[in-house]
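Below, each structure is written out as structure tokens.
Next, two complexes with chain A in common: one pairs it with chain B, the other with chain C.
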Partner chain A sequence: MLSSRRAYFLSKLVRYSFTFLLILSLNFALPRMMPGDPIVNLLGEEALHNDPRMIERLRAEHGLDRPLHIQYIGYLRSLARMDLGYSIHKNLSVAELMENSLLWTLLLVFPSVVIGSILALLFGSLAGFKNNSRTDFLLTALALLFYTCPPFLLAMLILSIFAFHLGLFPLGNLTSGGRLGLDYVLDVAWHLFLPVAALSLLGASYKFLVVRNSVTQIFDEQFIVAARAKGLTERCILLRHVIRNVLPPFISMVALSFGFMVSGALVVEIVFSLNGMGTLIYDAVVARDYPIMQGSFLVLTIFVLAANFAADMLYGVADPRIGGPH
Partner chain B sequence: MNREFLLLSTALVLLNLIGTGWAAENGGSDGDRIPMLKVGTINQINEANPWDYYFGVYSMIFSHQGLVRFNNEGDIVPELATSWETDDLQKWTFHLREDANWHDGQPVTANDIKFSIDYNLEKDPLSKSYIGSIDSVEAPDKKTAIINLKKPDYNFLNTIAVVKMIPEHIFQSVDEPKKYNDKNAAIGCGPYKFVSFDRDAGIVTYQANENYWGAIPAIDAIELRMFKNPDALMLAFQKGEIDLPYYYSKGISYYYVPKLLENDDIGIEVYPERGITNVLWFNTAIAPFDNKELRQAFSYAVNYEELKNMFTAGYGTVPSAGWVPNGTLYYIETRSLTQDINKSRALLDSLDFKDIDGDGLREMPDKAKFQPKLLTRSDLPDSVRAAEMLKKYFAEVGIDMQIDLADKSTHGQIMDEKKTHEVSLAGTTFWGMTMGEGYGSGYTDTRNYGWSMVSDPKYQSMVDDLGMTQDKDKRKDLAAEIQNYYAEEMPQFTIYSMNIIQPYNALYAGWEYNPLHGILSYGTLSNLHKA
Partner chain C sequence: MEMARDFLAHSRLQLIGLFILILFLAVAIFAPLIAPHDPEESKTPYQPPNQEHRLGTNDIGQDILSELIYASRVSLTIGFLAGLISVLIGATLGMLAGYYRGIVEEMVMATGDVVLLIPGLPLMIILAAYLSPSMWNIVLVVGLLWWCSTARVVHSRVLQLREMPFVEAARALGGGDLYIIFHHILINSKEVIYAKFALAVASAMLTEASLSFLGLGDPLNISWGEMIHFAFSRGGFANDMWWWYLPPGLMICACVLGFVLIAMDPERSQKAQEL
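Take a look at the complex of A and B:
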């Protein structure tokens, strides 16, 4: 049993390593396959004298004049040295840029995913459990409302109501500036409250619908009839049998949430004026800033793979049949 | 006891009155001073480094200076140079003011001017795009700088006006200025000193320079707060968290205006735009857009009045065929652009662009379908909408225009490098219009930016003459010739131009507008006071 689990773990590890290498190559290739040019972008409107030598000099400065395979080898070598390069547009190293943005994205996304997932599991189970009841209708209607509401609109409404009209929260940014110690922590929490709330609601809405439907379906299964026949209480059936069966698809969803954390957070970052990975990548894509795109995609790759790996491992815990002898 | 108490009380009251009177006398002006001006913007500063694009822009407004600058009328006036002279437009001699100091107390010298230009040319390849015409800089004495150009250029003052000077004693040991993010990198000689940049709070702070050579700044400190979207910026403005929403080189969208008008504490000024919001550019280097009658046919198809109402809500102007915006030196009246569908059709017919297959759309003289591509930026919603309106207008005269959307990067690559566009929609800035030899020649002349790729010797000769002519009457004639050339040849024409709508905190008075820096002009910085 133990060796089969180890084999399962190892086979996953080998597969993930291969995927990681493949993605590293894609991270290099994709930005360069996009139309547009980082140097022409850098020159922008200031470059009224379109001197080709200047463009060539800038290309050489950023190593973009070398053949692609040489650039690729250089990219892999830099990665081996943990060197993510220097931004073409932002005058900072990619590591410096990401260090700051990643921290804030994690502070924004991690609580949102956790809160959103808990809300979805809790209310989704309740709605599924009380299928076709008034509670179910109300919760489902609310979830559909949030699910179908464009993220930008929802975030703007939250900002407008709670920050502008009620004045309970700030209109954006991560801190008020000039705070230290506990005051700073509380200030950051105050600033992050609305963005986390917006992301949590957005994340919870679609997970809620999946959980609710899963719970409803599982309640029709034969083993639930058997459990009822044994005389188990409804609460006991829900907690011991239904939720446990909902968990594998739920874990997948949560893992995917981490994967989509950056794209999901982008709109919220823009509305609440936050410096996170979403806007960093968006700006880099618009400006064709290859080093930032490569570095950010690498970090995202690691996060997605880690989240999926964790989900794979958790499947084994949630469902002992997975990774077992079968 | 009572008597002593009475005496003491009287003395205290008298002292209080004297104190109050003194404070009122001295605080009359101090009371009008603005302790902190909060400016909100969506321009994003990444690092407090003058080579960061937007920090560079705000440095030029607050903390750094050039030899000359644009005044509120858009004319060149002295800044670090008190006067200048040139005989041949190739050798320019600047005499520097005696009392200008860097923020760390060191005097500004001609060596700093020479160093700034040489350093920029050496370290920043981008600088070649605007000061590449400089051959050498000399500093014969501490207060005289001589700039030698590669060829005569009348317009040189416009170019040098946007070059900010940096202190030699700070940067002489800095090899990579773009990576030099030290606080000293922000030392300038302007009316404000850089204090701090808090990235997480999105706040850049400046403080008045008490040793500034000019008028004492009227505002003690300036806080620049960055937002990532204009709606949040405008909410903060309506809530009174900021005094001024500021966009570099443009105003706010008109749809915010009705809400702002409800607020008595908010004032709104509308200033004429010295750039052009949206221009239709033809690549005159490729057929059939090398034909002026065809370009004219396009121009007669457009409903300018409708575009003005739709995109500017009345805060715009109907453009004229001479293209150069009203307010430009030696601007002349040319015909107003109006829609004339019949004239457009007649011109197309005369050029043998006719509908052969009866589908309502014209074919080219060689019988091939005429489907010109209209390139515009996908990230600018107004440009996309305007492109759709143009498609509708052109369809009315039988032109099957194909909209080609491209993001900023791809658009730039096509327009600036590959030059493969056929027709394009894009705006110009005030400074862009002054580039080259002015009058939009930077955008037009193929030897320059050349979005319309004009290489007509007649046009280039006018541009060259402008670069070499000092005589005012001759310049006036040349400016008129160029505008008439645009009106007749139409290598590009304006489809609409939006004025600058600038709201501000009406509790403060003394706001002044400058065509380069907008309402954050020197006038505002030195005259703003409580209303």
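Take a look at the complex of A and C:
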């Protein structure tokens, strides 16, 4: 019994290591493969304003004149030292720039994933349970509305209505500054309320539709008929039989949605002018500051990978069939 | 009885979707006839909505309504082509993986899993930033990264089909692989593929909007997302000029909704609708 679960974990570990290596390689290949001078692709367009001798020196420093496999080893070595390159535009190392931003982005993504998932599970089960009722219709229409809304538009509307017109929340930024302790935490929570709400709704909309569909589908299954025939109440059937079957695929869907949530967070941050990865990437896009884009891509992808790995481990525990006798 | 009502309810949604899309298509095709002004022409900037300019003018004095009408061409073209590319790749790979099994299947599915894991927007930002800003590059970037879910769905459909008696019969009668794929498998998965195509266009339009919002759009072919980018970065949003950023946003919503609605089919609702 133990060995089968161990085999599951091991196979996941192998798969994720492979994916990790593939992503590192992709990150290595992109600046060298894309059109344009690789040194500009590696350093950002600002590099062109430096004098040519400096550029030659940098070219040698990055080993762009050496064979690819040597460059690749050098690339892996510098990554192992947490060296993600240097932004000439901002005059800081990329790792330093991302230190704070990443924290804020995660602070935006995690609560949104959790809140969005809970909302989706609750309302999705409700809508699926009351299939074709007025509640179902209303909830589904609402979810479709949020699903079809581009993330930045939803963020802009929420900001405009609740902060600009109603004045209930701050117009942007992460803190008001000059606060300490609990006061500081509450202040940050107040600032993050609207962005988290926007991102949660975005995440919940898609998950809601899937949960609703699977609940509706499971209600048609034979074992539900059997449970009804046994005389179980509808409530009991929903809680004990339906949710139990929805949960494992739901966990993997939540895990896969991390990538989407990170993408959404970037855009929401820009609208709310929060100093996270999104704002960093936005500035980098304007200045064509490639090292920051590359570093952000790598760090965000590794984070999404880690979240998925954790969810897969959780799945192994939540699904009793894994680790069973087979 | 209930099934009939269910069917009607669903196909009514599909009809609404179709109606929305035809409307948008008409606007895009007849843009020069409908638009009240030349979208390139500059007048007084930052005008609020008035008799002459129903939706006001933007930062360089262009009529927003006309810009909106012309932008439907760009947004629809990008969404349609990117969706087409992603579905062509996804359906081909899913078909090959499901039909031939073995090493092909493992390779395709493993690659798909990796691509699904990568957060889409950051990678697309890098690709779009390296390539020159043109709508064709956006079509490529979005299309090439959006095939995995189609591949998955087509794959599982083909897995079902290949074991069915009529496929076995065709094989027993000496039908070649190509014949069976084109005459039996493809025909029987076409509804899944159509639904996936509509959803792929919806996703592609949303992704294009985000990329354009970030300023990676084609400066010569303004899309709805790009209009919002300009409204956002040039003070339209900060000054509460809703007539500038809201209409393109609503256009995106309505158009995406149209594509999502036509993908709603009562027969196989669940699997294919995994967006």
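Note that in this section the second predicted complex is superposed on the first by the 266 of 326 C-alpha atoms of A that agree within 3 Å, B and C clash if a C-alpha of one lies under 4 Å from a C-alpha of the other, contacts with A are read in each partner's own complex, and residues count from 1 in each chain.
In this text, a residue touches a chain if its C-beta (ideal position, glycine included) is under 8 Å from a C-beta of that chain, and two chains touch if they have at least 3 such contacts.
Every value quoted in this text rests on a predicted model; they were computed, and no experiment measured them.
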Touched partner set for A:Q222, first chain B, second chain C, both or neither: neither
Which of chain B and chain C A:L305 touches, first, second, both or neither: second
Partner chain in contact with A:P35 - chain B first, chain C second, else both or neither: both
Partner chain in contact with A:L274 - chain B first, chain C second, else both or neither: first
Contacts of A:A163 with chain B and chain C, given as first, second, both or neither: first
Chain B versus chain C as contact partner of A:G177, first or second or both or neither: first
Partner chain in contact with A:Q294 - chain B first, chain C second, else both or neither: second
Chain C-contacting residues of chain A that also contact chain B: 34-36, 41, 156, 160, 164, 270-271, 286, 288
Chain A contact footprint on chain B (complex, rising order): 44, 46-47, 49, 51-52, 125-126, 128-130, 132, 178-179, 181, 198-203, 225-229, 231-232, 235-236, 238-239, 241, 379, 406-410, 412-413, 416-417, 429, 432, 435-436, 442, 448-450
Of chain A, residues touching chain C in the complex: 15, 18-19, 22-23, 30-31, 34-36, 41, 132, 144-145, 147-153, 156-157, 160, 164, 206, 209-210, 213-214, 217, 256, 258-260, 262-263, 266-267, 270-271, 281-282, 285-286, 288, 290, 293-294, 296-297, 300-301, 304-305, 308
List of chain A residues in touch with chain B within their complex: 34-38, 40-51, 54-55, 57-58, 61, 86, 90-92, 97, 100, 104, 156, 159-160, 163-164, 167, 171-178, 269-275, 279, 283, 286-288
In the complex, chain C residues that touch chain A: 6, 9, 110, 113-114, 116-123, 125-127, 129-132, 202, 206, 209-210, 213-216, 225, 228, 232, 237, 240, 242, 245, 249, 252-254, 256-257, 260, 269-270, 273-275
